[in-house]
Each structure stands twice: as structure tokens, then as C-alpha cells.
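We just call them A, B, C and D in the order they show up, numbering each chain from 1.
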């Protein structure tokens, strides 16, 4: 089998590097181009020395990439820029986008949360939301897949099956979430310095994080009526991992049964035995997600947990899982590695 | 002024060491005895080398302490043991207990949560709950003060004033909390190894943590009716600090006003400007607590935050604050140090 | 090709779990037995939840393992116990031992450093020291391979080629080393608690760490005369990774050239460009080692660095690399994964 | 006693904040001005929320400070800028500088290491090097004191007394050092992001760190002949703390005796019992330094350790210790707090 030729646009960030890491041992893909506008001309090994043992193409600018040498683009660029770049790509190429630019169906919602008009409405119409477990069939036939937010997928794995099954009160969903600092990217910021993050747990973007838009869109579809959760993310003093702790009203056993049913055949989502809760260390570095359901002491209430690695299942692993489907490869190809613990 | 002579029972744990650290520069106290049953005979500097510059008494067993040389005992022993030890102390000595043994008024609640009968019911009757901000007047005249749970005080600072002011729905209180690993003590356990904690965020004792008993007791008193919150603690990959993220139903501005009123004159509790949230790094190593209130996007809902250092305001600093009151010293004496950041 | 049947003796420790993690995606091996004396009867997923997605045999005691179902044993047991256990295994089975029990040729050295007589001298005679890069040919034909100490391999990669090439003064070798806490194992100890390790950098076993015995044995062989280095290990507040910083006397460029020559064709050892130094984060979770050489300001002196992951190249990855050779499999099989960063 | 009026120039960095933290409870100093050019006009509590309980002056620009309201300036500005700023201050004010600008006696050395001419040679002539333990008498009468580098003081505490006592070979000094990330400051840089530092131990500025200039200057004075050590610093995944591990040739017991003699009456330097080594966690947040001496297995060699907190004894605590002497206050005033552990 010939390997699919892959370009990664925006390879100098953490999600770009994570794509390279995963594709390095992927039997069905090979990297034909890596781009990074500001670091064009450099070797990938000078940007990411952990990849120095690999034989990789030199970093180039996007307009230096020959589309004839690319079957599928992974696009790991900032939002807004992304819409411009993808608009300029040939329309016969497959694209998996990791930015926020094609996640929201409704241009008004996009404008509300991202502060400017959507610049590629025609592309938005063909984009499929990249939460593989819920949109697998559409992703298989898609040309453009919009990867989910890393927090957004975590909350959705915990909540969406419960709304579909009608086992929780859709007006009483509280998503408390904590995320590792790699989700904030590699651009230097005071708030992500080691001296600030270590011993420094705190909430951020409280009740106004952009991933709320994804929750509202997807939860409303699942429930068949408008649903808006409370969402508070926190920044963890650790590099990787997201844990969502979701407070819901419903019967805990029914909730657990709904999860078990929804994810029964999923290769990457494990529902823990009733009463057990996941930990970020048990999914680190892998494409696995762990779901747990625990009954509250108060009748009619339950706590639902979801844990995953923000850079893998929350971003680059998810992107490869979707690309596998788009390319007709086995869905789990290249993603079989077990979590790294400790 | 002669300094009050202090004994610390259980000086080989983290809260014991923290008492020594704080008393070392306290102008009104001096340490006359330190006990540690298993390490009796050793110098404190061999157990805690960070205290080696201090001139401290050698560790002894409890029955080697001369009560004639003690005015006030800090008791930092495990629960159950504590009841026996305190029962055997002379009845004319002041005691600040840091264990769970005298926190619950109701012996039935004690038995339910701690698994055995209360062994010192007469002492329980005179014990005053040690949350200084709410029981200051009773603590001033108390002989036996029961320090709060470290999680328990954090949740109570966030919630109790709101129940007293009647500005939140008492049936809809969800306390999501994350705590540093020093709260789990110095006894070696697999779950608190660095290799397990680092990168390993997870919940524990979900909806069945013993501090729920304190919440139920104190919240019910504040509300004048039974109140039972949902409570889920999580273990942070950091040493110190607790952040409670509390989801309530009520008007956010009214909630903020209730906090501002309740803590207006408190030396150690700061209510942040409306819309701001605290971080554990901003209280680390100090007796300060920070409270924040943020409105949810959903009308009629708010998120209340409280942050403090579990070993100081959550344990040993609180104990000294109470001892200051019992001894007739200025309440803030020895506790003025600013937080250590970074 | 039929996969080689593998037993892992001592699967409840970190190196045991790491063997399982790596074998899980190894195309040439499958696990037929996992042992853990104290946890026999349990599922591996209850001991290591990060492996719960795998279909693994239940933990058993060593004497429950059917040798007929095993071609190669990985032995990840404490020292001394190991000699007894391996002595009792059938003599026609291949064994890769991860303990210290068969590393030292000289029984007197073993007794000096490990405090008791060697209990299996006949096995010692056939044991081959498992530093693949230096003993590859002998390992291919070995039945019993003794994995190196994790610190020991790090220092040897940095120093041994220089002694062989005669480019440094053998009497002036100072190995300063820092290691992640996972190397201390999963048994709970005060010294490896998060609260003690975090922010707590310090040296340990100063100038008397047992891996000195390996250095003396191997360096002396390489130099053809007795060589004894100074060796001071330190405990890092991180989970994985070893960095050796070695101070030597010699011409830095010649040293770099000797390294480049020694490791030119090695799949897992990369010599960085002259003047560059490695970081533990760039090898984390992988079987790769990075070597760097920097000239000191003082003429005739150089600093040599080696970085690797203590649980992979320093233990379980090395063990699999050796097992691959013993089983006639490609040496890199199952070890191709790139490092996990961040 | 009236408190001395203090201005802190450069209060928006970590050393500036640390000065404020320490002065907040200093009985002999009060802050009359805080400057931060880019954040002038802001409250200190918005830059450093951990100081929000303090009543502090608003941040201003340097030229807004009224010298009439200042007796002593702490100058925590970048190098080069510092020379200009201090040159413009009235010549009758006391100054404790925390930058590198006045540490080197020799303008040629300054130019070599800092890349440009010294801009205030007259001030350099009156500057006293701020290593209190070695220059106490001159500091008492100084107007301008140049604080040491944080790495520089750590190495000097370990080595200088040995050179003075003539108990080590001055040509064979190797200073291996590891430092917490707060030493790199608060300006956002990729290399100090949490995601890069955590699990990422590595050396930096190998054999060319600017603090070598201080070592050469001070060691040569102590030895009465030119001395140049090897110096390799490493970046620790922790916020605070420096540990120097120094390899020397000499008799270990004599070395220990020389340390014991040199520091016998020092309030902030403790020499551990022979054979014991310090840890950064045991000095964290305090002005204490711990020294340890261990014999190497190889005769005639020893390992000397020094541990201190880079932001306290390595910078702001040292500055206050010096200011106390200059102001005629007790040397330990305001610096008595015990280390914060864990």
C-alpha cells in the first residue's frame, strides 16, 4: 500500500509537533511537507529536538508547498488565518483542521464568540464536526473536517450521550473542567510560565470560554432543544490532560447505562465500572478517553467524569483518527500506543 | 510580656511542622514541648531539616510532657487517638485540636462518618468549632477549639455568608474543590508519590468525603434548615493550596455584596472585585483567603471561588489564629507574613 | 510469523508496567503471563488503570506460570530475590533480567555493594551485560542478559567510548547525574512523596551509589586498566529522565569525534552537533539517548552530557531491545515511538 | 524608631515583588515608592495579587519618585539600564543594586561578559560586592552595594572559605549547579514555559554563564592568585532553589572544618554535620543557606554542596540583609522567617 502524502500547516506549535510524532510511526501516512511561516528554512529538529531522529522535510512557507504532493492537509494554524489559508487550497484536497474556524454551523455564533465575520461560509457548509464517535459516518465521506476544541470534546463525551438518551435534565448541566498547560500553546505568555503555573491552580475564562459555543451547538442538537451548560475551565500545573467533572440531574445508574451503550464498540472510549472515576495520568500521551459515573449522595444527582489527553484525543490524535476515516484506512491506525505512565 | 508556653502533640507531621514554623517568629508564644511517639528522642532537625536553625526541644512521647510547663496544647494527631489523648490532659489547659475529633456536634454524625462511637462526649460539649471568622466570640472564651477540615473551611468561607444572607438556593449548592497533596500528610502512600500525583489530576472520595459532615452541620445552622451540598474534591499536582469552585443559584451581584459585607473587617479574608477569581499561588504559605464571585452566563446563577493554603489557613495558621484569641493576644499575631510567590 | 510468548515476572512495578506498555504494540511479542506475588489474582487494570484497554492475562504468582507457555522471561524483581527466582527457572528459557543481580562479573564486588554473597554463581558466568550498544554481538547469542542500572547506562554512554578511544584522562572522570523519581519505584517511601520531591532537589547516595560498581567494571574493561569515577546522583522533581553531566579532561573536539564514531550507526543513540547539550524532555517516553559534548572555557577540559528515559532506555526499552536480539527479531522492533513532548 | 523610607525601582519583576514581601513585615523599613516603567499607574495588586492585602503605593515611573522621600533605593532593574538609572540618583542616597552592573571591579571583565562598556566607572569604584558573609564590614559603611548573582553566591559560599583556608587545589574546582526557574524572571520566554520546563531538566550557558566572572574575581581574591572554575548551570523543573554540587580536591574533613570555622557565627549559613547534604526544599522561601561536605570514595577528593533560595538569599533577602547593615539595623531584621516546607 502506498502511504498517503500529508502536509502539516503550522508545524511549529505543540499540536503540529504532536501530529509529526504520531505520523512518524503511522503505517499509512508519510509527511511530504511541514510549514511554519516564521521559521521557514529551519530543520524541524531545531524547533523540536525530540523529533531529531526522524527524517523530516525542512520547514517551508505555506505557499512553497506543492499541492501535487499532498493528499491530505492537517491545518494547525490560528483561527481566522485558517479560513484564509484553507480557502486558498485546491478544492480537491482533503483537510483536517485543528483550529476553531469551522466548528460552528451558525455564522452568527461564530461572530459572537470570535469577534469577526466568518470569512469562508461556503467551506463552512461542507465542514463536518470532527467528534469521531458522534459523526463517524459523515466524516468518512467528508472533504473538510473541523476538529473539536480540546475542552469541548471532553465535555461532549461526558454529556452528549446522556442528552440523546434523555436521562438527564438538560437545564442543569455544570461542566467543571481542568486542563494541562500545553493546551495554551507554545507562544510565550506570562500566564503559562512555570513560575506562574506551578502551585498556581485557578479558573480562567469563567463562564465565557469559547468552547461554550460548541457545547451549545452540539448539546442542542443532541437534546432537540436549546441547551446551555455552565462551563468553568481551570488551569492545571501539569503539561497534558483534561478532566471534566460534570454535575447533572438524573439517575446515576441510568446515566452509566447510557454511557455504556453509547461507547460499547468504541476503540478509544472506555466507560469505567460504575462508581469509578478516571485520572489524567491514565490516558496521558494516548488517544484514549476514560468516562466515569458516580452517584451523588443526594438522590437524583450524579457526577460524570471524562479524562483525555488534550494534545492527542483532544487535538492531533483525533485529527489522525478522522484522517484515517477520510483516507479509507483503519480508524485506529497509528493510534494504538498505550498511555505513558508515570 | 511573657510568652505563652506551647506544646505541640504530633510534631512529626506536616501540620506539626507548620505550627513550629509559624511559632518560631511568633512574639507571644514559645515552644516548650514537641511530641512524636515513633520518633521520640530525635531532634526535630532530623525529622524536618528546614527547621534546623531553630533552638527546639527534643521530640518526646506525650506522657513525657510536663503539663506544668504548658499553657496551651496544639494537638495534631490522627482522629480517634486524639479523643483519648485530649481526655487524659489536665482540664485546666487550653487546647487547639487540628484533628476531626471534635468538629461534629452530633455523636451520631461522628459515628456515621468516622465509623466508631465518639469517645469523649463531655469534651465534645465544650468544644467550639474553630472557624474563626464565624465563631470568634465563642473562641475567645473557649478552652477546647476544634480546628476545621481544610476543605471544610474553604467551602464554608465561600458558602456560609450566602446562606446567612439568604441570597442563594440552599438546595442547589455544588462544591467542586481541588487540593494540594500536602493535605494528605507525610505518611507514605502510593497515591501521594510524586510519580502518581504529577500529571495525574483526579477526583477522590467523590460525594463521600468526611468534610461533607462539616458542611451539613454548618450550612444547616447558617440556613436555619437542613442543607446538604454536593461535594467533589480533586487531588492537585501541587504541594499546597485549595481552590473551591462553588456553583450556586442566586443573583451574582447580591452574592458578591453578601461576601463583601460578611468579610469587610476580616484581616485574613479578602473579597476580590466582582468578576475576579482567585488562584492558589496568591495565598501560598500565608493565612490569607481570597474570595471571588463571577456571574454565570445563565441568569440567576453564579460561581463563587475561595482559595487558601491548606496547611496555614486550613490548619496550622487557623490554629494559631484561634490560640491568639484564647490567649488574649492580638488575633493576627505571628500570622502577618505575606504569601510566598512564586 | 508467530509472536514470541513472554512472561513478565514482577509486573506490579513501574518497569513491569513499562514492559507491558511497550509489548502491547510490539509486532513480535505477546504476553502470556504476568506475575505479582502480593497482588496475584488481580487484573492488571486494577494495578495500572492506564493499561485497561489491553487484553492482558490476570496477575498470578511466579509458581503458577507454565514454562511451556513462555519463550522469554523479563524479570523485574528486587535484587537477591531475583537470583533465587531465576535459579529456579528451566535452563532452556531466555531471560532478560532488569535487576542488579547479574550485572557484576566479580562476586566479591557483588558482595561489597549488595551486602551478601551472590547466590547463583553459575548463572552469573553465562550472564551478558545488557548494554546493547557495547555488547550487541554477545547479547545475540545469550540466554541470560543482565540489564544495566539506569544511571549506569547513562554514564557509560557518555564515557565508555572515550576510554576506548583513549581521548580522556581515566583518572579524572566526574559523573554528576540527575534522575527522575520513577527510578525509585512504586513502593511508598517518604522520600518519594510529591510533597518531598517537588521543589526539593538534592543529592543522594553521594559517592556510594551501587551503580558505581558497574562504572568501575565497565570503565576498567574499556580502558584496560582500573578506572574509578566520582559519581553523585541527584533526585529531580520530575517523573522520568536522567541527565548525566560528565566532567572530563581531554580535547573536546576529539571527544566529540570519538562519540560520533562510536554511535554512527546506532538507531537509538544520537550525538548532537558539537557544542549542543541534551534535555530530558527530548527523550521522554522513548528508547532514544542523546549525547552532547561542550568544550569548557578551560583548555583541555570538556563536559559530556547524556540524556535518556530511565524507564525506557534505562530499563524496559533496553530490555526489549536486548530481547529482540535474543529472539532474532529486528533490534528496533516495538521501540520506534518518538519521544512524548511536552 | 522611625522606619527607613525605601524605594524599589523595578517592582514588577520577581525580585521586586520579593522585596515587597519581605519588607511588608520588616520592623525597620517602609515602602515609600514602587516603580515599573511599563506598568506605571497600576496598583501593585494587579501586577502581584499575592500582595493585595498590603497597603502599597501605586506604581510610578522612576522620574516620578521624590528623592526627598527615600533613604535607600533597592534597584531591581535590567543590567545596563541600571547604570544609567543609578547614575542619575542623588549621590547622598544609599543604594542596594540587584543587577549585574556593579559586581565586577574590572571594566574589561565587565565589557567581556556583558558586551558593552561600563557606563558608570566612578560609581563602580565605590561599589561594594554584596556577599554579606565575606564583606560585612565594608558593607556597613557603603553607599552603593552590588548584590551578587544568585548562582554566584551559591558557588562562593561553597568554595571561597576553602580557598582562603588553602585546603583545596585552586586549579581543580568544578561547580555543577541547578537552579529554579524563577531565576529567569517573569518576562515570557519559550524556555521558561511550564510545558518546556516540567520534565525537562537540562544545562544552559554551559561554561559561559556570566556568573563565571564573579567566580573568577572573588576566587582569585580569596586564593591570592588567578582561579578559574568550571561552571555548568542547569534549569530545574521547580520555582525556587539553587543547589551547587562542587567537586574539589582536598581532604574532606579539613574542608568541613574550614567551612565550620568560616560560618561559625553566621546567622544565615548553616554547615551540616560532616557527610550530610542539603536540599533546596529545606531553605525555600528563607534567607538561610545550607552547606554540606561529603568525602568522595576516591582519596583526596570531596564534594561540597550549597543550597539556598535564589530569590531570597540569592537576591532580595541578601539585599535586605545588606540594607540592614547600611542603615544600622540588626542584620537579621525582617529575615527571620523559617523556610516554607513542603
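Structure notes:
Throughout what follows, contacts are C-beta pairs under 8 Å (C-beta built on N, C-alpha and C of every residue); 3 or more make two chains touch, one makes a residue touch a chain.
To keep track of the chains, here are their UniProt names: A, B, C, D = N-acetyl-gamma-glutamyl-phosphate reductase.
In this text the structure is predicted, and so the values were computed from the model without any measurement.
More than half of the residue-numbered contact pairs at C-D reappear in one of the options A-B, B-D or A-D, namely A-B.
When each chain is reduced to the average of its Cα atoms, A sits farthest from subunit D. Counting C-beta pairs in contact, the pair that comes out ahead of the other among A-C and B-C is A-C. Averaged Cα coordinates give subunit A a centre that lies 36 Å from the centre of subunit C.
Put simply, the C-alpha centre of subunit B and that of subunit C have 45 angstrom between them.
Residue positions of subunit D touching 2 or more other chains, listed in rising order: 14, 182, 195-196, 198-199, 237-240, 278-279, 281, 284, 342. Within the complex formed with subunit A, the residues of subunit B that make contact are 174, 176, 178, 180, 195-196, 198-204, 206-208, 212, 228, 230, 232, 234, 236-241, 243, 245, 247, 277-281, 284, 294-298, 301, 303, 305, 307, 342.
By the touch criterion given at the top, residues 14, 181-182, 186, 188-190, 192-199, 237-239 of subunit A touch subunit D in their complex. Here subunit A touches subunit C in the complex through residues 14, 17, 20-21, 24-25, 48-54, 182, 239-240, 270, 278-279, 281-286, 288, 290, 336-342, going by the rule given at the top.
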